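Both complexes shown next keep subunit A, but they swap its partner, so subunit B is in the first and subunit C is in the second.
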Partner chain A sequence: MNSNIPFLNASIAQALDYTAPILFAALGGVMSENAGVVNIALEGMMRFAAFFGVWGSFVSGNAWVGLLWGVGIGIVLGALHAYITVKWAGDQIISGVAINVMAMGMITYLLESVFKTTGYSPPVAYFGAPASKIHLAFLKGIPILGAFAELTILIWFALILVVVLHFVLYHTVLGLRIRAVGENPHAAETLGVNVFKIKWFAVISGSVLAAFGGLALSLGTLSSFTNSMAMGKGFIGLAAMIFGKWTPFGALGAILIFAGAQVLQLFMQGTATGFAKLIPLGFYLSLPYMLTIGALIGVVGKAVGPASDGVPYKKES
Partner chain B sequence: MKDVLKRIVFGKREKYWWMNALVPLISILLAFIVGAIFIKITGRSPVVAYKLLFGASGLFPGPYWKSHFAEMLLSSSMYIATGLGFAIAAKGGLFNIGAEGHFIVGGIAAAYLGYAKPFAGLPKFIHLPLIIVGVMLAGGIWGAIAGYLKAKRGIHEVITTIMLNWIALYLIEAWLVIGPMEAAVETGISGTPYISLSAKLPKILPPTRLNISIIIILAVTFLIWYLFYKTTFGYEIRTMGHTLMFGMEAPKAAGINVERRTIQTMFIAGAVAALGGAFMVLGVLFQYPPIFEGGYGFDGIAVALIGQNEPLGVILAGILIGALRTGATTVQLAHIPKTFPSIIEGFTVGFIALQMLIRYWIMKLIQGRKKSVQTEMGGGAK
Partner chain C sequence: MKALEVKGIVKQFPGVLANDNINLSINKGEIYAIVGENGAGKSTLMKIIYGLYTPTSGEIFVFDKKVDIKTPYDAIGLKIGMVHQEFMLIPRFTVTQNIVLGDEPSKGIVFDYKKALNEVEELSEKFGLKVDPAEKVANLPVGIQQRVEILKILRRGAEILIFDEPTAVLTPEETEDLFKTLMKLKKNGKTIIFISHKLKEVIAIADRIAVLRRGKLQGIVERGKTSEVELARMVVGRDVVLKIPKAEAKVGGTVVSIRDLTVKSKRGIIGLKEVSFDVCAGEIVGIAGVEGNGQAELVNALIGFTRPIKGTIAFDGEEIRVITPFNIRKKGMAYIPKDRKMRGLVLPFRSRENIIMGQHTLYPFSKNGVLNNIEIDKFTTKKLEEFDVRPRDIHTRARNLSGGNQQKLILAKEMSMEHKFLLASQPTRGLDIGAMEFVYHKLIEEKERGMAILLISLELSEIMGLSDRILVLYNGEIVGETTPDKTTEEELGLMMLGLKKQKRVAQ
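And now, the complex of A and B:
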């Protein structure tokens, strides 16, 4: 059994790598939807940021510049989403679909015109390079904890962000206002909260978080952009956010179940003997998704979001 | 300003009904303008690009028009199918991202019923309807799972449809197509075996590939329209959609069985979207390949939104998107990637989301004109 420890740790580290982009997306959703603005554009925002991050890193040779480019495009997209849904009370779902569809077309277009390639960008400086990882050598060899010995800075940031976001949402005035705006904007307005300002802030910061998700894909896990990004991870993040009942720790829990199923899947595939070897690959691959539905049926019960989530806010005249 | 907004928000159904058709048209126009600017910025010629795009789109007569026209209708029929899949669910207040999954479930069902032994020998007039029914059942059941989980367990349909998309993809492409349904090695075919002759959709414009899929989907669209606007069943579903924000208390009080209608709505949505996959397999590919060309499901969402979730609108939007995709194969000649139509599509949907702004502009225009005639009335516009 001992010989399995490095393999287990490697599987968990791989799962964490897989998890970080989804976690960022889910936290972006938590931020935006607690202020009452549905953001199904997480997927498209990740795609934009993943590309712009690689572009920035390509131009400058520095992954941190790429990070800034990605955050920049996140702010632009967030402002677009907020302009449509907050300023003009547009349908939030339609706006989100628009950004997703635009991400499909525009990024493929830019990929071909910037890098003159189809499908892949050239490799660039990234956070996953052995030198840029955060080394915690003393953890090596310990089961489970050993997985944390060599992670990228983005994964640590995602994990820390869960705590930060929880604190902001539930222990600060700003967080109270954000949640008030998401529950009952009219009541918040009468108490002197600037509903529009709070919504703008929440949508843009949520979209920046989603942008980090894209960056974790292209500058964390890989060192280049591939045209299949974000591979549905934004949508999984959206699902995890709902599963986690619109809270940071809930989202983390949902993603850990999902990631746990991923580890299980990799572990079972790798160590399968006898009967388990006969189970087709497709069942292993779909296991995380089935388990997520199963967990929802069994444990969680009804998912109830912020009361005014998805309802455009108009001032009463 | 107040008056104008009030009129836009509350009076749109009665007085300015034509605005509902005008908004998508203006959105499309604006999207083409922004698309042209985008091409210009990246250093290509928008005139050349649009000439190529529309020249090969099948919308306008020109060289090779017949084959472009046929290709356009072939892809349009699939976009209409997935667009309806979204629109039907949206009518019932459900947000269905599952069309992608329904599409491939329909595809694999069509492939199986098309080549499998007991069916493959049947005469065409029995075999083909049998496949269509089988496909709609398969897609419907896949859709109804999400409906059931929503109705009985309260699980948000966004989660279940996303999860079911992936489950369908992995079960089909990492199991069925490379396992039990794989063509025998000695045939040298990758993917499933080819469907029998009796399963292929009849062609209607001989030298081209055009087949009856467009007729089938037009008939289905008419049935959906009839269902929604001429039957109690459809009325009940629309009632649910309209009162979504208020927890569907009103329909419940009115005696509508919300749970059952939710499941039925998702069944119909899945069944119609699955037809798209069947069109692909029975009319274009004639087998289920190892990797299915995706995207129809997600484009279906855009089609439904451009078509304002109305059956007629979905047909027109489906034809537009089909035409753009057909024309896109030639824009590569102008050094523009063939995904360029997605940009137009995205901007169109974006402007539709901004419809409050567009409506406000139109109203301002009308008000402005009125004001110049009778100045003393005064207008609300700033």
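And now, the complex of A and C:
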């Protein structure tokens, strides 16, 4: 068993790498939907940011510049979604679908015209490079904790953000107002809460979080953009948010279950003997998706979101 | 000193003149009541004062200063607070979170919940309004939720408090509590404006009463200078018989038969315990009881929203194993729900669409899945007339009808559906006295035509006046069965509180 420790740690580290982008997306959803705005464009926003991150890094040779480009496009897309759904009280699903469709077409086009390639961008400076990782050598060799010895800064950021977002939502004045707006905007409005401002803020900051998710894919796990990004991870993030009942820690828990399936797969691949070897690999691969469907049909009990989630807010005449 | 003055207020909605040159002057420390028919324009006027609607013309003065109120926030700034008929609360928040929202005690960006709890505690003591500051609002009964609303506006320093039909959703006990609260607030120098259809209440508590009719101010009467009958005449513009006419029951065969019905409540506890009774053709069976003693569970089991954990329900002698709203309605049940917005109407739909709902698949309203608009419009026009829904316009959206007219639309829909059994849950909630009289006549007419009627009401006078038999629900059980001539309101009241039981004849 002892000989398995490095392998176990490596599997967990890989699972964390799998977790980060989904977690960012889920937290973005948590932020936006707690203020009552559904954001199914998480997937498209991730794709945009994944590409712009690589572009920025390619142009400058610096992953941090890439990060800024990614965050920038996140703000732009968030503002677009907010403009449609908050300013004009437009349909949130339609706006989200539109951004997703736009991401499919526009990014494929940009990939070809910027890099003159199809399918992949050239490799660029990224956060997953051995020198850019956060090294915590003292953890090495300890079971489980050893997995944290060499992670990218984006993974750490995602994990810390869970705590930060929890604090913001449940322990600050801003958080109370965000949740009030998602529950009953009319009540909040009569008490002097600026509903529109809160919604704008929540949608844009949620979109920026989704953008980080895209960056974690193209500048964290990989060092280039592939045209299959964001590979459905935005949607899994959305499912994790529901599975986790619209809370940051809930979403983290949900994703860890998904990721657990991944670890299991990696671990089994390497060490399975006897009966476990008989289970086809595809089973493990599809496990997160099956869990997602389970979450959506309510295996985990009734998932009840904010009362006014998805309801456009208009003032009375 | 004048707390509030409105001068020449006019509000024109498309096709409806809701307020027509209204002048009112309300003194500081006064309890001022506004009464009037459904659709008279009471809520509209209050919404104008609270900044929810902008008046077409007119002026508002608050504490002798001319003001311009554009949003509720402006109103709050002018120390005007409003307790809406549907509460503006967030069920998932605690009492404290609801009260302090928008003006939270904080340390930097951190919400200081401890301090907020203390503040609410103090506030509730100061005004003698008892609440548990840490309780979730979703777990509170309606009367306490209303208290939270009052505390909310008091914390914002409200001096003028507006209540739109505050007692319509309250039990008689809660109403008494509210009146005690209002008197306390008055002693504290607050000014109170309140709307009600219950003239007895109004006469008991108001210093002055303004009567509105069809958007116009009809007159103002002083405390002690009017009677219920006289006030009723002012409201409706004709004599109203407040006494419910007696009609002998010609009891026919059993229509609905309930045996050992046991139902879980929404909170998961047993809400209705082994209840058995019959409702026969040609009789009205009244269910008396304090709200929350099993009425909701009984209704939900009957309409098929909750599956009972034990017991049977038979319709026309035939047991229905699994009840769905569809199959029980098909058997001939009509249902007047107590919550008109949740269960009664589709608010964005027009009158003509709401009124045929449930029969929309039937001839003459549709054929082969295609709606027959000419027939629908003809039918709607007739029904709006018959049930006096105002405005008569068949295209009005249910959302834009006044509360009482929404109720009339539901009555029109349900009573014109083919049925043998009518389940009426608080059918007169929010109705003006004229409309109430109309509903009473309708119910008696139905009974005389041989309908079986189950009437659930919190109003004892209604139960006593209409029922042929009375069942008293307490704590999910039937603790008494009697008839109006064998009991008194006092005795019923005791039974409703579980202080007295009465043996039932075995079913």
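The definition used in the following text is that the second predicted complex is superposed on the first by the 306 of 317 C-alpha atoms of A that agree within 3 Å, B and C clash if a C-alpha of one lies under 4 Å from a C-alpha of the other, contacts with A are read in each partner's own complex, and residues count from 1 in each chain.
Simple rule for what comes next: a contact is a pair of C-beta atoms (placed from the backbone, for glycine too) under 8 Å apart; a residue touches a chain by one contact, two chains touch by 3 or more.
No experiment lies behind these values; they were computed from the predicted model shown.
When the two complexes are overlaid on their common chain A, residue A:Thr172 makes contact with subunit C while staying clear of subunit B.
In the superposed model, A:Pro280 makes contact with subunit B only, not with subunit C.
When the two complexes are overlaid on their common chain A, residue A:Met104 makes contact with subunit B while staying clear of subunit C. Subunit A is touched at more residues by one of its partners, and among subunit B and subunit C that partner is B. By the document's definition of touching, of the two partners only subunit B reaches A:Trp88; subunit C does not.
Of the two partner chains placed around the shared chain by superposition, neither subunit B nor subunit C is touched by A:Pro130.
According to the touch criterion, the shared surface of subunit A, contacted by subunit B in one complex and subunit C in the other, consists of residues 317.
Residue ranges of subunit B in contact with subunit A, taken from their complex: 2, 5-6, 9, 38, 42-43, 95, 97, 149, 153-156, 158-160, 162-167, 170-176, 178-179, 245, 295, 298-299, 301-302, 305, 336-337, 339-347, 349-350, 352-357. Residue ranges of subunit A in contact with subunit C, taken from their complex: 171-177, 179-180, 183-184, 186-193, 307, 316-317. Residue ranges on subunit A touching subunit B, taken from their complex, read 40, 80, 84-85, 88-91, 93-95, 97-106, 108-113, 118, 232, 235-236, 238-239, 242-243, 280-283, 285-286, 289-290, 292-293, 296-297, 301-303, 311, 314, 317. Across the complex, subunit C meets subunit A through its residues 52-53, 71-73, 76, 88-93, 97-98, 101-104, 106, 109-111, 152, 156.
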